[in-house]
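In the two assemblies presented below, chain A is common to both, partnered first by chain B and then by chain C.
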Partner chain A sequence: MAENFEQHSDVSAADLARLTQEAQAEATPSTAKIIWSEFKADKPAMAALFIIVGFILFVMIGALFINTPKMMETNIMGYFNQPFTPEYWLGADSGGRSVAKQLIVGSRNSIGIAIGLTLISSTFGICWGLISGYFNGYIDWGMQRVYDFMMMLPMTMMIIVLVTIIPHYNSVTLTLIFSIFYWEGTSRLIRSRTLAESEKDYVAASRTSGTSHWKIIFREIMPNISSLIIVDCTLSFAENIGVETGLSYLGFGLPSQTPSLGTMIANANDPNNITQYWWTWLPAALEIIILCLSISYVGQVLRRAADASQRQGAAD
Partner chain B sequence: MSLVEIKDLKVHYPIRTGFWNRITDSVRAVDGITFNIEAGETYGLVGESGSGKSTTGKSVVGLEKVTSGSIMYKGVDITSKANRNKLDYNQDVQMIFQDSLSSLNPRKRIEDIIAEPLRNFEHLSKDDEKLRVLQLLDIVGLDADALYKYPHQFSGGQRQRIGVARAVATNPKLIIADEPVSALDLSVQAQVLNFMKKIQREFGISYLFISHDLGVVRHMCNNIAIMNRGRLVEIGTREDIYNHPLHIYTKRLLAAIPETNVNQRAAHRASRLAVEKIYQEQQSKYYDDKGEAFPLIQVSPTHSVALPENIAKQLASQEGEVQA
Partner chain C sequence: MWKTILRRFLIMIPEVIILSILVFLLAKAMPGDPFTGSINPKADPQQIHHLMKINGLYDPWYQQYWNWVVHLFHGNLGNSYQYQEPVTRLIGGRAANTLWLAFFTMILTYAFALPMGVFAGRHEGKLPDTIIRVYTYVTYCIPFFVILVIGIWIFGYVFGWFPTTGSISAEASGGGWLQTIGSRFYHILLPGILGALFGTVNIVQYLRSEVIDAKGSDYVRTARSKGVPSKDIYRHHIFRNSLLPIAAFAGYSITGLLNGSIFTETVFSYPGMGLLFVNSISYRDYTVITALVLIYGILNLIGTLLSDIILSIVDPRIRIE
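Moving on, here comes the complex of A and B:
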């Protein structure tokens, strides 16, 4: 059979190296390169990216050097210490505990939960949506009924109940509990795009080329909805920082001895703190605002890059 | 024995409604068609849009779940998935799609697109595979620099040739070409068709050539089947169909071929209107009381038409054909 092609084409093995080189010279840049050049062109987005990466690294590493139980001990001498003093950079709260240290450990906990939650729920939601949309039929029908059932459950109430029932929980169990309820939005979004994508002829072509269903789903279709996935993940990440924060603020998140951005903002429950002891809650609130803004900025650039590579394939 | 024998093929799409997803009705996209494709020939399947041509084509490559009937290839019925897998059926039967843009994955480079069937069916070494892709690009008249580009960087005609290269990659016996040039400009159409013909000569491939336009089919096909609402209304050689059409639907399709000679535009328009008038007025003569086509009746060794026997004979003798 190979002879058949030899006969009818002027190209032979001798030309292989030369032609490959010619083709490489004309090659279109890869998606990763396009994303990077998009960042280089957009200075604020670059700054936002550095803020996020730098901050996450800082709190992850910084928290390792802080002895949390010791930090959380009450210290009468530090009662509402003013900020910007050598011992308390950002002051202290009513228990005389350093706000700066709590902020570092608290951010580590909150961001850790948000990253874990985004990873688990998005991965699950994306797979669920892709499979459900691609195997359009009984599989889809069954998977959609499970989805409908999950949507019927009152989410916040279920989380509060679960948190109350489980005797000892920590960041990991809390992340898992949240994950049960946070994949649905992603899965529906991905499913609707997958339904449209599966109709396209390139999927049929892959099937007649002998490619397996799983490869088609994850290697053919998924790259084509990558811009949607990126946008959804960044939005979920920003939202998920809020999830833990919100519940901890209400008193149902992490236990009180575990600092988090939510427990810190909960200091603002006390009217005295809002006006007089602003340093107990303001840093955490500012941090959340800055993080969420930076994340959505980075998300926008990623989407632009993903769309551009889909449309034009090259960065001009 | 023919290369592919399609017998009484039916594809019905169930219409499901309600919470329990019960089947309440069905769309009869293909409703009992029978024809054979010979090795090395180009078989034309022609009909208006919506008549079930693509569904037929997809059934033959194994993309569509068949309701009933059989498609025999090498003595086995390939409507069953197990049989297709056993034969590596798609190594022998490939498809070219109408929309060249949607049929090429926008996220993949040309090399990976053309190599896809090779990777699944032939397991060549890296260098052999690249060489084969370069030869295929050469065969469809594209340069080596296409290798690492993406589909949107090419024009419609070039993309369709990439689709042809992918279909030819495993040296198949049959290629289903579903309106391969309908989306292209006239000048580009001829170019793509010429590549397809050249490949047919060199590799001895058969085509099932699907089109809504009898004008395009004339230059490609030896045998033609006319499809209307899921059924075949007329089968014949090129000569039978173009020179002795019997069914009003065929005449209507012939009349719809655009007239390129400016001087004859008026005459052409008049004859088209006349055919249209007969089509509107004589529905009951050409279709049964449910509006469906009759079973096919043979009027000559090569020519069949879907009409009641007496009308078929009468029309055939008017056309001066040799009786079967």
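Moving on, here comes the complex of A and C:
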């Protein structure tokens, strides 16, 4: 290629170097750079980002220092201990178990499952959407029918039924069960973008020059919609926190001996707890609200960064 | 047009068949059998064995499936062994509660969302728009069950404005019909309002962008130039034009509400199908579970079908070729 170029071009090497330099200076900045300048322009978003990263690191590391089985042991002396005491910062529940410690371990479990679920379901949804959108025709038709069928299933009910069928489950099996049902949103979004992208000239050019389908899909179309993928993953992460905690709240997620934000909120099912012993459930509820709002806020900023007409960051 | 609707119906049939097979197999895989409930120290194991044989529980699964489907078409879904009552009657009693709640929530959702959507679109980029955008963003992000729990805590327990359990109060169930309706309405008020306040996001966003698009269109300019007051343009011209696609959201909105009913009814101990499902799971009452999953699946399908049909009337582009 390079030899060919030298033979047929009258641009000198020095000129070529200068032109390349100029082109690089004028080229669109990298995605990471755009996102960073977007965050710098939006102080609340920066705060939200720090809250999320700091909090996730805190619970991940903090949970390592907590002995979960020992923490979950009943301690009659601490029965509904008041909050804000030196021993129990956030009080204790009916078994005298420290709410603060449960909150840390519970957050670790809930966030961990949400991350796992986002990774698995998004990967699957992205592949599904790319393939379905790229191969228009029978493949797309068949995949769309499967999608329609999945959309018809009452998701929460199906998950609960599957959880009761499986005799011994842990957080990994739980994540896999959730993943069966939570890829549809991503796949639909990616498919519609891929359909539009497949019409473009670069795909047609690539196809005529004989590039393989897989290479076009994963090396050419996917990088072009990467900003959409980043935004979607962030937003589904916020949503997925609600998925696991919701089912644990109903009693069909993590077992009661494994603390989760959802099982902690389930303390509120007892009319006594909900008013008298509010500290057993309210911190977990507030934590979910703050986490979901911050993550989605970051998602909004990423969406702005992906859409050049909405950017607020500096133009340079 | 009719071709599209017919196609949609034809596609539905295999979906329902596959769903019924799936539901049947899942129910088979669940621990326990219909006679687990009747096992007691006095029961003869030989007798139970015999019962299982004459009820066809040792047949191959496709045979059992076929029997189940035949019974289904005769309106016989079996007996619930938690309540010792035919499943059709049991669910029939609960379905009305769930559907009333869903219907009420949907009406409230539209009542909140329509003015907000038009208002946000009309004042695009100004303060009201920003406030509505922040509101929809916040309501969209927070998991719904957390809102329900906090809502019942504040309005049900702390202030004591709303009942926290059941679908009708004890005094009212013995009283006249006016009292009955009043008490039932009072019980769905708080879950309905919470559901509506936190379910507006789709309608508001759609209506807002629709209004913004319409603002620059020719028919609006014509109306303006012939001197129609601005208020009337929004009320009669723009709003009426976007009404049908907005109505199409009703189908999707019903499916969303039904799926959310499991949470709503658990939090409010409201005796509908969602709570029945959760209770049946704990009692392994699998005739009820299969029936409920099937009903919810079919209702989902009808909801989506309804929306798709309305949308295909509105927008010829999405009709199936």
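Here, the second predicted complex is superposed on the first by the 280 of 316 C-alpha atoms of A that agree within 3 Å, B and C clash if a C-alpha of one lies under 4 Å from a C-alpha of the other, contacts with A are read in each partner's own complex, and residues count from 1 in each chain.
One rule holds in what follows: a contact is a pair of C-beta atoms (placed from the backbone, for glycine too) under 8 Å apart; a residue touches a chain by one contact, two chains touch by 3 or more.
Just so it is clear, the structure is predicted and the values come from calculations on it, not from any experiment.
*Asks:* Would you sort A:265 into first (chain B), second (chain C), both or neither based on which partner it touches?
*Replies:* second
*Asks:* Quick one: classify A:141 as touching chain B (first), chain C (second), both or neither.
*Replies:* First partner only, chain B.
*Asks:* Using the superposition on chain A described above, determine whether A:13 touches chain B (first), chain C (second), both, or neither.
*Replies:* The first partner, chain B, only.
*Asks:* Once the shared chain is lined up, is A:149 touching chain B (first), chain C (second), both, or neither of them?
*Replies:* It touches chain C, and chain B stays clear.
*Asks:* Name, in rising order, each residue of chain A that touches chain C in their complex.
*Replies:* 145, 148-149, 151-158, 160-162, 164-165, 167, 238, 241-242, 245-246, 249-252, 265, 268-269, 271, 274-275, 278, 281-282, 285, 288-289, 292-293, 295-296, 300
*Asks:* In their complex, what parts of chain C are in touch with chain A?
*Replies:* Chain C reaches chain A through residues 11, 15, 18-19, 26, 29-31, 137-138, 140-146, 149-150, 152-153, 157-158, 164, 258-259, 262-263, 266, 277-278, 281-282, 284, 289, 292-293, 296-297, 300-301, 304.
*Asks:* Mind pulling up the chain B residues that touch chain A in the complex?
*Replies:* Its residues touching chain A are 21, 58, 61-63, 88, 90-91, 93-95, 97-99, 102-109, 111, 116-117, 120-121, 127-128, 130-132, 134-136, 138-139, 144-150, 152-153, 163, 166, 171, 202-203.
*Asks:* Under the touch definition given earlier, write down the residues of chain A that touch chain B in their complex.
*Replies:* Interface residues on chain A, with respect to chain B: 1-2, 4-13, 15-16, 19-20, 22-28, 141, 200-202, 204-211, 220, 223-224, 226, 310-313.
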